[in-house]
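Below are two complexes that have chain A in common, paired first with chain B and then with chain C.
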Partner chain A sequence: MAWLHTWGGLWFCWLLYAIFLTGTLAVMEEPITHWMTPEHHAEEARQAAVVKTAPLADRPRSLAHAVAYLQREQPPGEMWEIWPGSARHGNDLTVYWMEKGAYIARHLDPLSGKVIADPHDDHDAGRATLGGHHFVDFHYTLHAGTIGLWIVGAATLAMLVTLVSGVITHKRIFRDFFTFRASKGQRSWLDGHTAAGVLSLPFQFMIALTGIFFYGNMYMPAATWAEPAMGGARVEASSASLLAIPDLEPFARRGETLMKQDLRAIVIDKPGQPDMRISTYGWNDDEERQERLVGTTAMVSFSADGKVLETRPAGKMAGGSATYAIATLAALHMAEFGGFTVKWLYFIGGLAGTAMMGTGAILFMVKRRGRAANEFGRATPQVYRLIEALNIAAIAGLAVASIAYLWANRLIATDIAHREDWEVGVFFVVWLMAFSHALIRSPGPAWREQWTFFAFLCLALPLVNLLTVGDMLPMEVVRGDWESAGLELVALVCGAASWWALHRLKRRTTASMRAPSVRDVAPVAGGE
Partner chain B sequence: MLAWLLSSLWLALLGFAQLGLSMPRHHRDVFGTASPPSAWLSRLAGFAFLGVALAPCARAFPLSVAIVVWFGMLMVAAFLVVASLSWRPRLLRWMRYPTFPPCKMKTRDR
Partner chain C sequence: MASKPTLSKSWPDVALRVLIGVIGGYILASLLAAALALMLTGAREGGKWGMLAGYPVYVAAIVASFGIASVRRVALWFAGLSAVLLSAIILCSGALG
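Let's look at the complex of A and B:
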């Protein structure tokens, strides 16, 4: 088992470290996106104020415009979806439909019914950026689409194996439960590794398992092959015998009464077919979103002649208990319930997992620095060197790249084409440079230099914000912009932790080449 | 909301502190004597506190969310107790007080 834990852990720890650090940051996707789009802060505040008071375009007319547009412009397909304006959504009217498996949207003017540009498309205004979604995307696809999903899935499976084998290998799990012996070299690394893992074990196990289930249907597609309806059966529309689409407003009214929620959207399945189905969907208010694990809204579906076919209360799902179970597991993974309490707890759990991966990777090398175990025969020194460089680049390098991504957001000109790709480009180039640096420099200085650079980037982030955008921490606090202030405070804490650890290390280390102590790496909080 | 969350964290801290102090090694770090007054009572109190820590979470959230928050609180509390035992063990001195009077016994000093 120890063998499985060591080698299974080693070959996946760099990838898992990256998945964990970006996943931890992904929990804070919204604050990061908010910080990265400073031009929209005023607009966001204005919209939040306006939406509640805006006179709503008359809904029956909006719905009629939408149906008229869809009937005129779109062949009756599998599904039409209409989002009329509402008190929560503002005055927009949006229609969606499925075309060749793709989901297509058009924005309509609620008064005239004409097609207009997306009123929320703010690519032109301010800086184009992926924002916090960069971390989300990297976390589950490595920016590599389906292939990335499979790689992440394999790594997650390896993590489950490593977690279980780690628990079995750890013979004194209860006796050493509270044990952390600081400043004791290899002993401290082991204690740090086990403490990070054991104390947060329920979280790590949950997050890995739910991560696998999240794309379970893709990893194990047999169920979807056996049940073609799940893949969305094609409806052959015979335009000859189309029924008229009824007036939707009465459906909307009855739906709202039955759902006990405001109307968000109307979905028409198989429009014009004899078994046409009209469903209304509601809005969850903020409190409801916090209080339910699964964030689905209420839904009522009707047949074309107005019979209620199905009602679903908010927080429940159609499709049976298996579907609901998967949705619950996915919701557990995404932390979209419970508000910022849950987000912060997930952030801490994610950091613990990140620290577990990082300390594990370092422990492997710390054990072998004194006496090589010669696992790789004559190539052992070279392989060790490579592992050491990968450790540095994966652990310190990724932290540097993550904070550099935020710097790129402030320093790249706002008007260049494909700006968001440049930001992501900076992330990857900095990471690659960190790897080259780790290969060129000997490990001791490489560790120190990368953490020094990380500390500098973190501590100077508020200054860059001040010089480029003109916003600064005290101002953010005063106007109550806790998303921006929080991000900069976390960056400052990370920078200070890194700087303090380096300072301690300098005091303690003699000239000999040593790894930084547990605490030097534990605050690898990265870029947030 | 915040008051409930802090109470939950406090109960979880008390719980893990009792569990830690039921072990001779940690008891010695905190009180100087290797033997806790009653290890099994400490343990019982510890687990009881950990369990009770769910109650404030359940006041702040519906049970399904509360259980997730409770696990999170246990994790944070466990980290804080370990950090305290490792760097500031004496902080835990008065964490035992709510359950037991301060231990005056001088038996079996190591």
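Let's look at the complex of A and C:
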């Protein structure tokens, strides 16, 4: 079992470290995106003011405009969707329909019914960027589409196997959790690895298992293939004898009464067909969103003549308990409940998991620096060298690349084409350069140099922000922009922690050079 | 008293365990998922329960392939469990017509 834990863990640890770290950063996708779009801060404030003061179009007129547009411009298809807006949630009128499998949207003026530009498309207002979504994309697809999904799935399975085998291997798991022997070389790394692992063990099991279920049917389609076919034959939309779309306002009012929520959207399935279905969907307010694990809103479905076909309270799912279980597991993975408290807990849990993987990777080489195990025969020194370089690139290099991504956001010109691709390109190029640096330099200097660079990039980030955008941390705090301030504060803490660790390591290395007979001087990461 | 058998660390042994665990485990988990899909039809959402149950079984199968002392015993266990699940699938398919 120890063999499975060691080798199953090692070959996937670099990829898993990257997936876990970017997943941890993805929890804070919104604050990262907010910081990376400084031009939008003023625009967001302006739009919030516009929404509050704009004349409110009455809903019956909005709905009538929407239906008229859809009937005029779109042939009856599978579905029409109308978001009529409200004083509380924004005075926009948007219609959607499906066209060749794609979801198409049009924004209409709620007063005149004419097509207008997307009122939230403030592309011209600032720099093009993926923002925090880069970390989300990397986390579950490695920016590699379906192939990336499969690789991440395989890595997640390896993580689960490694977790189980790790628990089985560490028989004194709970006693070991309270054991930490500092400055003892290999024992310290083992204690750190165990402590980080046990501290976040339930979180890691949960996050890995829930993550794999997102694409569970794709990885293991046997259940879907075996399931007996459901439902009747598909009825194609017929253009002959179409039913008129009824006035939607009575449906909206009845829906709001039954849902006990404000109206968010009306969906018309099979518009104009004899089996046309009109469904109303509600809004979850912020408190409901925080309290419920599954964030579905209330829904009521009517037939064209107004008979209630189906109701769904807020937080429930259409379907049975398995559907609800899957939605709950997805919500657990995405941390879409509990507000920023839960996001911070996930952030800390994610960092603990990342630390567990990093310490495990380092422990593998720390054990073998003193005494090679010759697992690879004559090629063992070369393989060990490669593993050292991969450790440095995956741990320190990825950290450098992540902070370099934020630097790129401020330094790349705002008006170049495909700007968001340039930012992601900087991330990967810096990461690749870190790997090359780790291959060229010996491990000790490589660790120190990369962490020094990371510390510099983190500590200088607020200065770059000031010089490029003219914003600074105290100003962000004063105006209550805690998303931007939080990001810069975390960067400063990370930079300071790296600087302190490097300083301590330098002092200890200097002290051990002056006293070479110190017992138990075991190699540590960064040692030569 | 006979000593407890220890796992062989020879490469063929390890490679076989990896193969049986990864491939055999996937087959075992898929068979279980399919069996559940056929047993819990309609509103009981057997397909979804099958998918949910498949992954823990897959993980357990890989771990078990390294927990059982001999490779032969690993293979026999996997084959036996797969045969049971396959029989269940055939029976359910027949029952469903």
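Some points to look at:
To be clear about the criterion, the second predicted complex is superposed on the first by the 482 of 528 C-alpha atoms of A that agree within 3 Å, B and C clash if a C-alpha of one lies under 4 Å from a C-alpha of the other, contacts with A are read in each partner's own complex, and residues count from 1 in each chain.
FYI, contacts are C-beta pairs under 8 Å (C-beta built on N, C-alpha and C of every residue); 3 or more make two chains touch, one makes a residue touch a chain.
Keep in mind that what you see is a predicted model, and the values were worked out from it rather than measured.
Of the two partner chains, neither chain B nor chain C is touched by A:I151. Within the superposed three-chain model, A:A496 lies out of touch with both chain B and chain C [touch as defined at top]. In the superposed model, A:M334 makes contact with neither chain B nor chain C. In the superposition on chain A, contact of A:A322 is made with chain C only, not with chain B.
By the touch criterion defined above, A:L386 reaches neither chain B nor chain C. By the touch criterion stated above, A:A64 is placed in contact with neither chain B nor chain C.
Remark: chain C residues 7, 9, 14, 26, 29-31, 33-38, 41-52, 54-56, 58-60, 62-63, 66-67, 89, 96 touch chain A in the complex. Taken together, the chain B residues at the contact with chain A in this complex read 1, 5, 16, 19-20, 23, 25-26, 60-62, 64-65, 68-69, 71-76, 78-79, 81-83, 85-87. Within the complex formed with chain B, the chain A residues making contact are 175, 177-182, 195, 199-200, 202-203, 206, 290-293, 332, 337-338, 341-342, 345-346, 348-349, 352.
Residues 1, 3-4, 157, 160-161, 164-165, 168, 209, 212-213, 216-217, 220, 222-228, 230, 319-323, 325-326 of chain A are the ones that touch chain C when the two sit in their complex.
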